[in-house]
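Each chain gets a letter, A, B, C and D, in the order it is written, and its residues are counted from 1.
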Amino acid sequence: MSNEKKFTLRNAINQGLLAGLITTLISTVGMVELFSQRQLIAGVMTMAQLFIFLIPALISFQTARKAPKNSILLFSAVTSFFASLPVLVLILLASTFGLRRFLINVSPSLIETLTFGQGPLVGSLILVLATTAVGVAAAFVDQMDEKIRKPILAGLMWTILVGTFSEILQERLRAFFGIGFTNLIIKSKALQPVAALIFLVVVTAISYFWQQRGDSIKKGLASQSATQRRNMTYAQRIAFFVLLLILPLLLGSYLSEVTNNVGIYVLMGLGLNIVVGFAGLLDLGYVAFFAIGAYVMAILTSEGFLGVAQTSFWLALPVSVITAVIAGILLGTPVLRMRGDYLAIVTLGFGEIIRIMANSDLLKPYIGGAQGVLQIPKPSFFGTSLIQPGQLYYVVLAGVLLAWFVSTRLSNSRLGRQWMAMREDEDVAEAMGINLVNTKLLAFAIGAGFSGLSGAIFASKLTSIFPHSFNLLISINVLSLIIVGGMGSLPGVVVGSLILVGLPELLREFAEFRPWMYGALLIVMMLAKPEGFWPSAIQKRELHADEESPPVEEVAAAD
Amino acid sequence: MKKMLFILSVLVVASMVLAACGPSGPAECADELGCAEYGPDDPIRIASALVITGPDAQLGLDSQHGVEIAIAMRGDVAGHSVELQAEDDGCNAEGGQAAGQKIVSDPSIVAVVGTSCSGAGVPMSKVISEAGYVMVSPSNTAPSLTDPAQAFNPGYLRTAHNDKVQGAAMAKFAYEVLGLKTAAAIHDGDPYTEGLANAFRESFEGMGGKVVAFTAVSKGDTDMKPVLTAVAASEGGAPEFLFFPVFTAECAFLAKQTKEVSGLENTIAAAADGCFSAAAAEAIGEAGNGMYFSGPDLSFSGDTYVTFKQQYNTLFGSDPISVFHAHAFDATNMIFDCIESVGVTGADGSLSVGRAAMRTCLYATSGFQGITGTLTCNQYGDCADPKISVSILENSEYKRIWP
Amino acid sequence: MPMLEVNNIHTYYGNIHALKGITLTVEEGEIVTLIGANGAGKTTTLRTISALLRPRQGNVLFEGEDISKIPAHQMIYQGVAMVPEGRGIFARLSVSENLDMGAYSRKDTQNLGKDLDRVFTLFPRLKERRSQVAGTLSGGEQQMLAIGRAMMSHPRLLLLDEPSMGLAPVLVEAIFDTVAAINKEGTTVLLVEQNATMALSVANRGYVLQTGEIVLSDSAQNLSKNEMVQKAYLGME
Amino acid sequence: MQRRLQNINYLDFVLWFIRVSIIVFVAWGTIATLLDNPYSADVWVNFTVLGLAQGSMYALIAIGYTLVYGVLFMINFAHGEFFMSGIMTATVFIAGPLSASGYLNNHPVISLLLILVVSMITSVGVAILTERVAYRPLRKAPRLVPLITALGASTFLQYTFRGLFGSEVKPFPQVEALSGKISFLGTEILQTQMVVIIATVIMLVGLYLFVMRTKTGKAIRAVAEDKDVAALMGIDVDRTIAITFALGASMAGAAGVLYALVFRQVHFYMGFLPGLKAFTAAVLGGIGSIPGAAVGGLFLGIFESVGPPLFLDGLNVPAYHQLKDVITFTLLVLVLIFRPQGIVGERLAEKKA
């Protein structure tokens, strides 16, 4: 219905102003300035310029799609022209008034970046012209034939991506091919112009040919028999498994560290997925069990003065898990009769209670209070201490595979179906003869067990733990990753962890703006894909039923 | 799909072969822990790992500014420009470990300034030391970090004061200089403040004083009056001296509200270097008149600190926002001095800095004139000037009064 | 020109095709009833007319104007009011607050007193309970409140969804008497009802719905004589 | 729902056990404290007044949670940031310059009004923008989805304001007209606390009257009950929801000014904890109910202030003020176990919760 509305020049102006305001915002919060030094493509484009131009370009692209067919260029030019105006106002205000007294990041160097070092007057002119030009270029790209447009966009996108992640790529390239070769491609985090150009051309070409051949491949797939397909999945599985096994070799120590962190969150996510995704119990204090697992591991194995037993990692591991399970049952019991948001706030309270107790002077003689537990040994395996992230990876992997296996079995079991029934409607579930107390407690207990396992590995990976590490934000992060991935879906947990734990790690360079981007990312992802990135089949179905839930009467009508 | 499998296996084999070869560096380096190598035009790279996100961000950001100013004021080091790789330690252990792993995966980084929080410092010092790197923290104060029986690792140094030293100094000041016999201490559950408050208590009691109340608030608390009221009504009577070595936000709340609680009108309030900054003085306002602060004596270095503050203002648009910028500045300069003394410059202008040599040099630092005092490192990495000074706040100006 | 013209509307719930091309008309001053079994699509039809649901195809004309694209909260300004299924009173608001909400769309606030009196004459019970919280009313009183509330907006067309649901037979008759009275005063009524006997007794015309389609349409009299209708909806053998 | 599980004795046994053990613990602690008698009666009155002032702020913030929860059944985690954004902006743009020029202390009333207006307008603006961008498109999504965008919005807003105004603690000037103490119930209390309590009462009563008496207020309540029917009455549901957000945010903006008056400093992270506490207060009082939010806020404030010394002092718990939140959350758990609808909440809300 809305697409029938006419897109007027006024809309184009509004769109442009919106884009301009966004650019102004990222300038005033300091992001543009921070990245004015960071070269995306050496000598050609800085990260700051990417920020300044990308937003008008995207908006002009949007405008071009909606604009009347005969005046696309005009519309795009108007949009991008107006996109430069708010920035212009900022430059004007900043160079006439001392804006910096109020807005700490509106510094002379920001203005210099925005005006390309040409002074306010000439710089503003350049800014307006360049922005408009970018917008028109975007419209041109939009006008191209799809066969050409898509590859070009793919090429641009991949080049920008490579430029953004160049820090990590640089490190990996150096490890594999040595510093000389790396410097040809990426030098001090900047993509070299020639390499960038080659890369752009290659990606565009590949994407072009891929598109040409895409159809025939799809046809080929469809013509294969079912057994053939099954065999392939079998082969794929082996390949995947081999890949998992050799991953640390490919990744190197830092990326393995990131992978381990992701893995720890996957473990927690799989556990919370049982509680929230399967059983529908909204738990915001999930970090409590993580903390309990970690502290049990710490106290049992620490070689410092707080250690009580100095047992080995492998001995302490089951104890941690069992303690967490017991804690899950203990904390689960009083809240069995609560639902929804009440459950959320009470569990949140539990999480905070555990953290505050761990931090308190009251328990300091036993678990270290604010000073934490130190000197926790890393796990050892047949005499080798697993010091490197690449070695610890296998411990994490084993934990994740175990949790994955248990989760898959559970979701197809009688218990799993009871959970689903309970999630749909507790009253109906009980009428069907499901014992709600046991079913709920089992969900809490198993979820807590996974979290305890995760915490135990975490403690031994860190070799020291502090109450600080167990705050509310962890619970929130785990919940978010489940929902971003797709609630109730096991692969979704992995996808969610990669996006919400792995990606911020890889974007460490953005340093102080990581939380800002994290927040924006959560909003944008939920707006774009409310069902998550890898929804489970059931979730997909539910969502559609949920959108416009028909009264019983109408469903019957359709039959 | 078979093709995919093939590609995958090629990748696997290739990666194994490559991993077996390992990174190949120039052969010139004779250092047992390897070297950081720079081409003739390459900048020297150092890293920082400070808390720049979350509620404590101002603490780390301020230190990072200190590092940036040190780089700007120093100019070239050993004929090379300097590039900073700024990382976030998140003020927690996992953040410290991740930042550490990232730093040690980059062979071009020669040394690290960090971490902000002791909790992040413990795992990070382990990662850094195991990889043969070296770090100098501008603001870790936990005694365990330089205690060989606990968390000390042989690549760790710091320019911040060990809690033990500072706590004892404050106790001595209160007991001997001010002649006060009863005191109370409040911490906020942060390892830094808890350690310092504890050290103060032990020393004060050791000297014969009485600690009538030892209590805590929580981070993020705003209303301190219940705690202060309880302190005022403690069994041993209202304390003559109240020590709360917490960070700016909580410190300002405590300082302001102490004046508003009946029974504490005559109590002398004191804080430590977590609250010893221009921004803190501004946040406390008039309530801070007559309050004592322990920490480095910044007036000591004279001109350098004046220039430093000007630089800070031009670059970051405000006076220093927190406390450990000076320690960070000193830490960075210590690192630069050592690079200059152990770096080997090749005929073509390339530079090679041995990592073991770097460590030896840093641990051997002696009589270094920094803006926080004269720094001399001991074998476990404590480098801060042992002379803690106490300043009094008068009309938002700090005046050193002891020693 | 008919007052309400529904042209071949198709409404979906997700992928469920609930209305498969409904076409009907209501002339000014009429009472028209839609009858059909549970799940035939009666409520969906009303919800589509009142813009709570959007048809994927087809349109709705009210007094010649296409109203199928305006938002639901604008309908009442066009002169269309609806008493939803299950009455939909605001349980936590008082009776008089509920009536106030019925008059939310009114600009001429000085005439409200008169309308309130009119509702209270129609339903004296409501007057007694005007300050009571609506959730505590009995089912019959709630239905009265719902109809009274709809009348507060001075609608030209009243959409009534199952007014007899869950009420005792005596009350049902009273309600239908009121509906007839309201109609006499000049309000056109489109009535959805499962109780076909009652519905056909007050209506001028009727439509029979089956699984999202109209299978029969005729005057009320003829419909009550129709064999199929008698069998299926009037409980006669 | 209570009845549903009644047949399971084990659960009742556990709940009774929890109830009894906590009561025993509290009684033991209280008796020990009172026998020990560390504080005079004055001090206890003081604790209560302190709690009342802090609780007033919680109450004002809790209103926003309750209103939004009432219409959308959604926990708006970004509400604490609405609170922060208003007073941060007002401090930087108004209070700071006014104080520097001396205008603040020469014309305290005009200045405070100006600060209040700017704070409220900013909070409302941020709230409306957040609602429009992050919540409205998700009205039909599964319930957890807006919760996640709320969390995202919360972080985003925190760091936006940090980026705008910097990460350091900003001092809020002392208003001389409000400094000093007055005598109240035989004890001295600060003028600022008195202002907070009085202002809160006025605003809460005003809000209550607005929601109960005005057409818009009734529309909000109608939308809270049934959006479809409200739309049939001619109520623009989207607009009404935006108004609800604005109302809650205006209270938060005002609470920000009171906060600044009492604590005299602001920070980009200052919204997080009060937000969490206010949400707890809203649930404690009975989420969805306006009197509930008020009662819950005051209750929470008093408990935080009086609870630790009363229950824990006698038990010789070291640094017991640290455990204040433990008491808070234990109280919450107890209330929700035995009175799931909250202190003054109605049972009606439960089926939707």
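One rule holds in what follows: a contact is a pair of C-beta atoms (placed from the backbone, for glycine too) under 8 Å apart; a residue touches a chain by one contact, two chains touch by 3 or more.
In this text the structure is predicted, and so the values were computed from the model without any measurement.
Asks: Can you figure out the chain closest to the middle, judged by Cα centres?
Replies: Answer for the innermost chain: A.
Asks: Of the chain pairs C-D and B-D, which one is connected by the greater count of C-beta contacts?
Replies: B-D
Asks: What is the distance, in whole Å, between the centres of subunit C and subunit D, each centre taken as the mean of its C-alpha atoms?
Replies: For subunit C versus subunit D, the centre distance works out to 43 Å.
Asks: Need the CA-centroid distance for the pair subunit B / subunit D, whole Å please.
Replies: Chain centroid spacing, subunit B to subunit D, equals 36 Å.
Asks: List the centre-to-centre spacing of subunit A and subunit D in whole Å, with centres computed as mean CA coordinates.
Replies: 31
Asks: Cα centroid separation between subunit B and subunit C, in whole Å?
Replies: Centres of subunit B and subunit C (C-alpha means) sit 74 Å apart.
Asks: What are the residue numbers in subunit D that touch two or more other chains?
Replies: In subunit D, residues 159, 162, 166, 318-320, 322, 325 touch at least two other chains, as defined above.
Asks: Can you list the subunit B residues in contact with two or more other chains?
Replies: Each of 53-54, 57, 61, 187, 189, 216, 218, 317-318 in subunit B touches at least two other chains.
Asks: Could you pull out which subunit D residues touch subunit B in their complex?
Replies: Going through subunit D, the ones touching subunit B are 38-40, 42-43, 46-47, 50-51, 53-54, 159, 162, 166-171, 173-174, 181, 188, 190, 259, 262-265, 267, 269-270, 272-274, 304-306, 308-309, 313, 318-322, 324-325.
Asks: Show which residues of subunit A lie in contact with subunit D when the two form their complex.
Replies: 25, 28-31, 102-105, 276, 282, 333-342, 344-346, 348-350, 352-353, 356-357, 359-362, 364, 426-427, 430, 436-437, 472, 476, 479-480, 483-484, 487, 512-513, 515-516, 518-523, 526-527, 530-531, 542-543, 546-548
Asks: Can you tell me which positions in subunit C touch subunit D when the two form their complex?
Replies: Those residues of subunit C that touch subunit D are 50, 52, 71-77, 81-82, 84, 88-93, 97, 100-102, 104-105, 135, 149, 153.
Asks: Tell me, which parts of subunit A touch subunit B in their complex?
Replies: Touch residues, subunit A against subunit B: 100, 104-105, 107, 171, 174-179, 188, 232, 235-236, 239, 242-243, 246, 249-250, 252-254, 257-258, 261, 304, 356, 359-361, 369-372, 374-375, 387, 389, 458, 461-469, 505, 508, 511-512, 514-515.
Asks: Please name which positions on subunit D make contact with subunit A in the complex.
Replies: 1-2, 4-5, 8, 10-11, 14-15, 18, 69, 73, 75, 92-93, 133-134, 137-138, 140-142, 144-146, 148-149, 151-160, 162-166, 276, 279-280, 283, 287, 317-320, 322-323, 325-326, 328-330, 332-333, 336-337, 340, 350, 353
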